[in-house]
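In structure tokens below, several structures.
Shared chain: chain A. Partners: chain B in the first complex, chain C in the second.
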Partner chain A sequence: MHRVLGDRKAVLILLGPALLVYSLIMLVPMVWSFGYSFTEGNTVEGFTGNGLDNFQRLFSDPAVRDALWFTAKYAVVVTVGQVVAGYLLALLYVFFLKRASALVRTLVFFPVVLPTVAVGLLFQKFFQVAPQTGPVNSLLNAVGLDSVDWFGSAGHAFWVLIVMDIWRSMGFYAVLLFAGLVDIPEEVLESARLDGASGLRLVRHIVLPMSFPVLMSSVIFSINGTLKVFDSIVALTNGGPGSGTTPLTLYMFQTSFTYGDYGYGSTIALLLTVVCLLVTLVVFRVSRRDPTEG
Partner chain B sequence: MITSSTSARRSRLAGSTASAAALVVLVSACGGTGGGSASAPDNFSYLSVTENTTVKTALTTLSKGECKTAQDGLPLKVETVPQASLDQKLQLLAGQDALPVQFAAGNAPALTQQLYKSGKVADLEAKLTSLGVFDQLEPAAVSTIKALYGGKVEVLPYEYNIEGIFYNKKIFSANGLSVPGTWSELVAAAAKLEAKGIQPFSASGQQGWPLTRLISGYLYRSLGPDALQAVADGKAKLTDPAYVKAAQEVAALGKKGYFGKGVGSIDYDTSMNEFLSGKAGMLYMGSWALANIADEKQNKVGADNVGFMPFPAVEGGKGSIEQYPSNVGLGITLGAKSFDKKTGAWVSCIAKNYGSTALKDQGAISGFKVNTPVENSNEVTGQVRETISASKQNVLWFEALFSTKATTVSQSNAAGLVAGSLSPEKFMRTVQDALAEK
Partner chain C sequence: MAIDTSVRIRRPRRLWVKLVVAGLLVVEVYPLVWMFLTSLKSNDDYLNNSTWSLPTTWEWGNYTDAWTTGHIGLYVQNSLLAVLPALALILLLGTAAGFALQVMVWRGRSLTLLVFLTGMMVPAQMILLPLFTVYFQAGLSGTLWPLILTYTGTGLPLTVFMMATYYKTVPRELFEAATIDGAGILRAFWTISLPMVRNSILTVGLVQFFFIWNDLLIALTFTNSQDLRTIQVGLLNFTGDFGATQYGPLFAAICINVFGTLVIYLFLNQKVMKGLTSGAVKG
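Entry: the complex of A and B
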């Protein structure tokens, strides 16, 4: 093995194709897009350089501020929701359902394999108020409350989105964290139990620290996914009402492809990249701390 | 042994080199400018929106009848996208030089003009004149097109619409209502219907434009036919009190619940269906709805029970109810590069026959001359046709002179305006801000 990896030619052959594909479909467009952020125009009109105008506009554009705030709010709430729900489910699988968890695991995982658009439509029908009253509003009516126009205000639509995205992805995080939990050696748990740790104390002092790496991976995974959320919002609210549920990704998409301003769209994409990078760095920094100390 | 492993390695290397090369070719092919817009098209490809079925149906009919020869030379191929995704699709296709032969030219005339300026759209006045069929276009339709597209004929008048309020005659007479002539009479009629438990208006908040049309309707009646040209020219702002007043009036209708529940979730078909099934008393719509009204499968209230009234006057306003908002529907245009002899054959045939075919089969009025006399399928179609031929001055619609961004902003926020989550002042300011961007 060492001989193979020591051979430069072998390394080149092994890495070359992957690197080529990666460069072509990831790095080249990224550099390209960075270049576009100093221009204005689109593929119809052609591009002209405009220096730092796009960056100036980025800092003074209230729509960017709103979209950034929405993205942050959404990412935090959904990440916490996904990981906490996933972790609780994983604990349920490992400590409560044990070997019988396969069926529940499959059922909870099921929404992960459904297409986002289908889930979006499902939730639209679920929460709709017109032309037919959806199940949620029917339930509200049944207990004597008035129907709510869930997609009529940004506040309500936000919570429908949150519920949908947590429901859609908690099964995935549950399986991911389940893999981390089953890795904890039975002997460690056993000896902790002998020392009198049980229930919450066992989770807090033994299970949590020992599954910390996989928990951190989940958080990084989740926050990066949620910062770049696009499909579920397009499917459910399309950024509406107005621009009430428009994240940076959707604003970028609209700016580039609907309003035909590729340059400014690229600048927004750059902002999103920087945000993702910063958040990942922070999460890495935090995760370097050893949780078993203190 | 050694030989075979070396040759295996060599062949693997060759394999990976080949796949890498294939990938490079593939990627460069995607990014190339060759695209699908060859100068000689294989099909009379037509990209339109899912929501519009009239043109698609009429063209298919023509391809089997009057335009059979053109069809044999260049077969018709229809593709549709949801209207909300049309602009994106066009931008991407235009970027790859892959625009179809004929296509819906964008939700805002601004995009069509952009395409025209970059040479992607044919100069239809010149093309039709050289084909000898420019006289097949109704002069009124040509003047509307020129008003919209900076003096050029950039689209074909597959539709020629006037807009107004369709109302359910049965509901009106059962509730002792006469056709409202003024805005306050309209509001009073709506109040009366609401009190009787009938939803006064049906409107699609998801589309947004059926709501913003009410704002422009009010503006044209209160401030006169130049109200929105003044905004486009920078002489007035949407945030001026007289303009905000229009948004306030429309928001007030929403506040009173006249559009029903969850207006933001109502799509175009649902709103049409609500009206045609007798659940709502009035529908602001263009005359393209005549096709739906004439269709017995869709229209449960019966075509004879549908009436048409102009947008009512505003007391003390400068506009007149004679000035109908008019448009040519979703502009449909032809690519400049793919306009060859075979395409020309199609266009000539369409210009000569589309008007009568669309009117006869679907009750749809276009801006093409009706060369074979067609009887009106119902009273309201006759009324609209007479109104069109008698109309002397037309106005445009709210977003007609807006940029693509301002159009989207206006239409996507309209539901919020009538649902009360966005104040009239904030709505007009948001749209004005989007307009102020270049």
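Entry: the complex of A and C
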């Protein structure tokens, strides 16, 4: 019976083009980029091998250390922020708004689809101090506080970035987690309520454990995205002031295209890839979920 | 029953729930309203009056300035010319591959699916430099082809994976029955399976559209001249032929960029939400 579905020529015709394009655009360049790590130079000037020099440089480069630290800090804070904000929203949708939540859900989700560049520029102007006092500083002034130069120091800029990325994505995690909370059987909640569990106790002992799988997939998805953050930082601060908000992705980009050092750029890209894979693997292990499960 | 109704009547009356929701809506919506109002202000109005005020005169001309003098029209055109072909290729190749991987029976298909999956984990930075070399040496650097090809390649893993998942819901027997009367499996793919997953193709298409349309990294890497800039790269470097920054047109440009996605979201929000979140759970 399976003969028609096992037709090799048909498999080749259907799968071949996708596999070919995917291999040429992604798989081959990955290996190739790994090869670049042992060279210096760029496309225009040509490449020359330099052994392990790039790796030695990688481990002693203070800019790499700073970028790695910034990436880690950003990924942890935003992941926690996104998932917690999303979870609180999901609880709000499920337990307080109930069926009336569709409109709120849809509205809060909207920033997810906005172009990051547009959101970055919007927040830049929203938090600015000059040439015009933006809404945030106007609000501070209105309650008697001084304006803050939000992009004048890396510390302040970091928090604007965090606020922006949580604003942008909490609606997404809310909907994702909402789907997990809705799946909790009403009888389970009802019987817990009859046993006297309510409010926080209900959330802690019933809701949280039962939504743990979807919570963990949110964390995995979030950390995987935040480690690769690029667009929002380029649009909001472009890594500044100085290199105070430069993650690995941006440092790789600047090394390659601003300084034309493709070899070292590839080495940084390799580090980024290894970090992404390791972190995902660890989170996966912690969550103990079956990787083949949908 | 009794419990249910009492809960439903009591809960929405809680004041703090209303306050939280109201606060939430202000936080989500006000920045966008502010952006729109500011896009209608003149430069003097923007620089000298309070940030909260309405425009003193409504400068709709900011939009035509952004579109022509600011080159946003050109950038939108470039974006469409890069996004639409890539989207068509992604959907065609991805759906066919999803069919081959899920419906058809052959050795090595789970391994192949896994190979596609790795593409979702690896950051784009890992493929940019070799691609840059290839496009440069192939003489494609001055065209939109690098964008089309790269978007197609990077969009495939998620598409293949999502389409394979959707094909799980279609019973295999259907295709077996169809092919018994001599219709080839390729024909069955085209005439029977495609109409059945039409909705899923639309969903995946929306997801990919937002990813590609909003992309900055790839567009920034491969658009080396101003004439090739996509809307995102163009907006990032928005000065146009103005010289000094003109705030009205800048905000108008941001608004134009946002309105495109707003219109799609207005009509297809449920599909967009479903598509984007299901892509995440699978990834």
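Simple rule for what comes next: the second predicted complex is superposed on the first by the 266 of 294 C-alpha atoms of A that agree within 3 Å, B and C clash if a C-alpha of one lies under 4 Å from a C-alpha of the other, contacts with A are read in each partner's own complex, and residues count from 1 in each chain.
By our rule, a contact is a pair of C-beta atoms (placed from the backbone, for glycine too) under 8 Å apart; a residue touches a chain by one contact, two chains touch by 3 or more.
Fair warning: this is a prediction, and the values are worked out from it, not measured in the lab.
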item	value
Of chain C and chain B, partner touching more chain A residues	C
Touched partner set for A:Leu122, first chain B, second chain C, both or neither	second
Touched partner set for A:Ser198, first chain B, second chain C, both or neither	neither
Partner chain(s) touched by A:Phe109 [first = chain B, second = chain C, both, neither]	second
Touched partner set for A:Val21, first chain B, second chain C, both or neither	both
Which of chain B and chain C A:Glu45 touches, first, second, both or neither	first
Which of chain B and chain C A:Asn141 touches, first, second, both or neither	neither
Chain B versus chain C as contact partner of A:Gln56, first or second or both or neither	neither
Which of chain B and chain C A:Ile13 touches, first, second, both or neither	both
Touching partner for A:Pro131 - first (chain B), second (chain C), both, neither	both
Those residues of chain A which chain B touches in one complex and chain C touches in the other	13, 17, 21, 24-25, 43-44, 131, 257
Parts of chain A lying in touch with chain B, wherever the complex brings them together	13, 16-17, 20-21, 24-25, 42-46, 124, 128-131, 147, 149, 151-154, 238-244, 254, 257-260
Chain B residues touching chain A - in the complex, by the definition given at the top	12-13, 16, 19-20, 23-24, 27, 84, 87-88, 91-92, 94-96, 111, 114-115, 117-118, 120, 260-266, 270, 273-274, 403-405, 408-409, 412-413, 415-416, 419, 421-422, 430
Chain A contact footprint on chain C (complex, rising order)	3, 8, 11-12, 14, 17, 20-21, 24-25, 27-32, 34-35, 38, 46-47, 50-52, 89, 93-94, 96-97, 99-101, 103-106, 112, 115-116, 119, 121-134, 136-137, 149-150, 152-154, 156-157, 160, 165, 172, 175-176, 179-180, 184-186, 189, 210, 213-217, 220-221, 231-232, 235-236, 247, 250-251, 254, 257-258, 261-262, 264-265, 269-270, 272-273, 276-277, 280-283
Residues on chain A engaged by chain C in the complex (per definition of touch)	1-2, 4-8, 10-11, 13-15, 17-19, 21-22, 24-30, 32-33, 36, 43-44, 89, 92, 95-98, 100, 104-118, 121-123, 125-126, 131-135, 138, 167, 171-172, 175-176, 179, 190, 214, 217-218, 221, 224, 227-228, 230-231, 234-235, 249, 252-253, 256-257, 262, 265-266, 268-270, 272-273, 276-277, 280, 294
